[in-house]
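These are the structures, in structure tokens.
The two complexes that follow have chain A in common; it is paired with chain B in the first and with chain C in the second.
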Partner chain A sequence: MHNMLKELRRDKLAVIALVLLGVIFLMAIVGPYLAPFDPITQNLHERRLGPSLVHWLGTDEFGRDILSRLILGSRNTLFIGFLSVAIGLSIGCVLGVIAGYYGGFADSCIMRAMDLMLAYPYFLLALLIVATLGPGMTNSTIAIGIASVPTYSRVVRSSVMALKGSLLVKAEEALGATDWRIIILHVAPNVFAPVIVVATLGVASAVLGGAALGFLGLGAQPPTPEWGVMLSGGRSYLIDAPHIALAPGIALALLVVSCNLFGDTLRDILDPKLK
Partner chain B sequence: MYVEKPQHNENDTLLCVRNLKTHIRSDAGEIRVVDGVDLQMKRGETVGIVGESGCGKSMTGLSILRLVPGPHGRIVSGEILFNGQDLASLDEKEMVRLRGNEIAMVFQDPMTSLDPLFAVGDQIGESMRFHQKLSRKEARNRAIELLKLVGVPSPELRIKDRPDQLSGGLRQRVMLASALSCKPSLVIADEPTTALDVTIQAQILELIKQLREETGTSFILISHDLGVIAENCQHVSVMYAGKIVESADVRELFDNPLHPYTTGLMESIPRIGVRKDRLEAIPGIVPNPLDLGEGCAFSPRCSCSEEHCEQKAPPLVEVCPGHEVRCWKYCNHL
Partner chain C sequence: MKEFIIKRLVVCLALLVFTSGITFFLLELAPGDPALMMLGQDATQEGLTALRREMGLDQPLLSRYATFLGDLFQGDMGVSYQTHRPVSQEIAATFPATLELSVASMVIAIIIGVPVGITCAIRQYSLTDRVVRFAVLIAVSLPVFWLGLMIIYLFSIVLGWFPSFGRGGLRHLVLPAVTMSCYSLAIIVRMTRSSMLEVLRCDYITATRAKGIHEFYVIYKHALRNALVPVITIIGLQFGVLLGGAVITETIFAWPGLGRLMVQAIFARDYPIIRGGVLMISACSILITLFVDIICSYINPSLKPVEKS
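On to the complex of A and B.
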């Protein structure tokens, strides 16, 4: 752990990414105390105001303070991003371990199902699921989670397969360890590194997916502050009042870039070959 | 320091494998990797299995532990009597209890058979905590004792090391320590020295010899190297294409090799003091296990092959007490 921090510090970009992620997380946690205005109450007298000392980032098409909406929206955006990764990861890991470790018929069944899901573009699949489940933030989280299952299960499966064929597992078997013991004690920690990297990168695409669903009106429903929804609201005023769409857009970009940078660094740190 | 499990009679049979057949299914057909192997060993004895790569010697070892890689591989028939109990008929639960506890296995490459994420002490202790329900602390103390037994210097410090901090020789010692951790009566060592350089090889072999004397553990030594076998074993079986072609006490086999394959193997070893420009090689390659045909599997490469060799496989005959060979040359007196 200490080594990890040391290596992190060497990489300037990763530090910036980590700080940004920290700020966004902090925003999500203490948002209600931080936000200067109520993010939902409309004030039609102050529509589409540019940035000023009162409204730092200006107001949106209904006169709501954009900064407040951004701060409170971070919670929803992160909720979609992380929870959907958690959903995708847990299902994907279980499927991947079963497929990779036991192989044979189970492997064929699971992986063909995953291939079927992969045949649809990621976002189209999420769209399909959310159309079935109905719009809403929880449903779009579930949809993105399910749509990302194949990615995780493939990564987990290939790592597990490589391990399964190694002498390590054979040696453990020869020492009388049961399958579950081997999986939990030796396989899981060894596949953790590649999986956690994919997951960090996955957060970025899940955040984007959630925002996109929100943009299309299938995710969080107005007036809930969510970055994708805010972006969609500002779309009509791109020329007259570009700040309405620009603020959530830049926030989203920063979040996604931070996640990606952090994931890249994590991969470098966790890859024993680069040490 | 090393307490033996309840000792059976000195001279009784520890392991008796009869007509073991292990097949692996492939797209091209059924491969008979182990084709009717018989093996017998007494308690405290070291038995060697030699042969070229792919002759089925490792598979024989894995079959004894019932670790043939599934789903394509399986033991087709045969008996594996260990302490009088037939392992081939045990269920998986009983096998798990037996593996590591009664029979342990050491593999060829110590670089990959240890978990890179765990301290070696924990890995040695793992099977003791599992089989003998030792506490973490007890397992740790036993791990230190075991590392001392296998000759690792300052074991108190070493147990905290991760495998990548150890050299190949030390890692193989760690593997031996974890194999011996539950005081098994049999250790199957599959090419234990192949991945090590020559000086370390000698050390590990010396260690195996010493462990056998100190602990009374029996070893099955699987190797392609006749020298390794000669140094360490009392009894040798030579395998070719899934079958044992010659089996004898080590001295008898080296003094009086009968099977053309065994003599071929011996002639391909360089000898110090004998000037020879070229070593004799056995012509040809190991036959494709899918089309072995009816005759003797070695006949296509054999210098004394005759017509009937290719038509009918020879039986294993006892030429003199304790010396068995599978070749038509020695069937005349029958």
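On to the complex of A and C.
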């Protein structure tokens, strides 16, 4: 762990990414105390104002302060990103462990089901699930989470399979340890490294997926401040108020770049072969 | 080889049947009465009952799926709840636009991505390599819908070079195709670079160079052929991603494609259209994977199945 932090500190881009992620997290946590204006209340007298000292990033098509919506929107954007990864990861981990550890029929069934899910392009599967559940922030989060299950289950399965043949697991089996003891005490900690890398990169694609669904009107619904929804609102005012679409897009890109950079660095540290 | 292709075709067919099943059953779980959606809120009870019987909604789920599958193999995907036109006609009217956009994006991504990836591999750690790697990182992180809006703002509103919406001719295609190609372009650059780097470190490349063969032939004749297999695989996968993600680009540029039709269908709960669209795109994606497998086995004979003696 100490070595990991040392290596992480040596990579300047990773440090910048971590700082950015920290700022966005902080924004999400203390958002309500930080936002200068109410992000939902409309003020039709101040519609589409450019950046000024009062409204640092200007106002949107309903006169709402963009900075306040951006700050509060970080909560929803992160909520979709992290919760969908949590959903995908927990289902994927369980399936991956069962497939990798028990092998045989269970492995074949689970992996064929995952192959079937992979036959759908990722966003199309998310779209299909949203079509079934109906538009909304929670439903889009669930959809993105389920669509990412095959990725996580495959990573976990291959790591578990590699461990299954190790001396450590064989010794535990010889001592009469139960499967669950072996899985929890020995397999899980060793699977942690590849999982954390895929999960970090997964947050990036989940954030993008969630925002894309929000942009299409299938994710978070207006007036909820969410970066994808904010972009969608700014779409119709590109000619006279391009600033409405600018800020949420840059914020989204920064969040995703940070997650990708941090994930890449973690992968380099945990698996130097891929460097 | 023939046996390999037949086996892969059978697997593809099975995948198509299973994906049709998943799509069918998932959308059957969706709330709402299809008969009510077709007839509207002021429909009479008798009318609803008659239409339900006509649509086979009074049949058990499995029997409905069997009928759906039978119809599907005959090219019948049902009737749209909104327009009352056959889904196959709706798809036939919009899918060419999606295909045109996806192919154009893929062509841009390949034409730029592969040479740039090769250049980065040849000049590893040079300034060009570093700049391209950073640009790739940004490109994979940019939300495509934001990029699209910014491209519209710059090239359509400010400079006025290209139209910002609709389909019709090459000028209309440029902006959506460039927007859509950005992500795939970055992935292709990344894959070409890493694949070329791996091949360039092989002993046979050193041997070829030792023979005094011109560097151009070393790179493009000897190294590229072996480096191409993972690149072609990723191109195939990216094509599926492009088709699946076309929804977003089509919505931004008001491109009359299948993706846009599907989004409108989701809002209108027009399930036959959604089902048909999802099946069409996933079928294309599955067939592209098959096609890529066959091409790869031609390029790299070691991937061909071993002939039984």
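Quick note on the criterion: the second predicted complex is superposed on the first by the 271 of 275 C-alpha atoms of A that agree within 3 Å, B and C clash if a C-alpha of one lies under 4 Å from a C-alpha of the other, contacts with A are read in each partner's own complex, and residues count from 1 in each chain.
Everything that follows uses one rule, which is that a contact is a pair of C-beta atoms (placed from the backbone, for glycine too) under 8 Å apart; a residue touches a chain by one contact, two chains touch by 3 or more.
This one's a predicted model, so the numbers in the text were calculated from it and none came from an experiment.
Superposition note: with chain A as the common reference, chain B and chain C can be accommodated side by side. Applying the stated contact rule after C-alpha superposition, one finds that A:Pro121 touches chain C and leaves chain B untouched.
When the two complexes are superposed, the chain touching more residues of chain A, out of chain B and chain C, is C.
By the document's definition of touching, of the two partners only chain B reaches A:Asn190; chain C does not. Shared-chain residue A:Leu167: touches chain B; no touch with chain C.
Shared-chain residue A:Gly249: touches chain C; no touch with chain B.
Of the two partner chains placed around the shared chain by superposition, chain C is the only one that A:Leu216 touches, whereas chain B remains out of contact. Annotation: apex chain A, arms to chain B and chain C, angle 90° (C-alpha centres, rounded to a multiple of 10). After the two structures are overlaid on chain A, the closest C-alpha atoms of chain B and chain C sit 14 Å apart.
Shared contact residues of chain A with chain B and chain C: none. Residues of chain B touching chain A in their complex: 65, 67, 70-71, 96-101, 104-105, 107-109, 112-118, 126-127, 130-131, 164, 175, 178-179, 182, 188.
Taken in their complex, chain C has these residues touching chain A: 15, 18-19, 22-23, 26-27, 29-31, 137-138, 140-147, 149-150, 152-153, 157, 240-241, 243-245, 247-248, 251-252, 262-263, 265-267, 271, 274, 278, 281-282, 285-286. Residue ranges of chain A in contact with chain C, taken from their complex: 115-116, 119-125, 127-135, 204, 208, 211-212, 215-218, 228, 231-232, 234-235, 238-239, 242, 245-246, 248-249, 252-253, 256-257, 260-261, 264. Note for the complex: chain A touches chain B at residues 103-104, 166-168, 170-171, 173-178, 181, 185-186, 189-190, 272.
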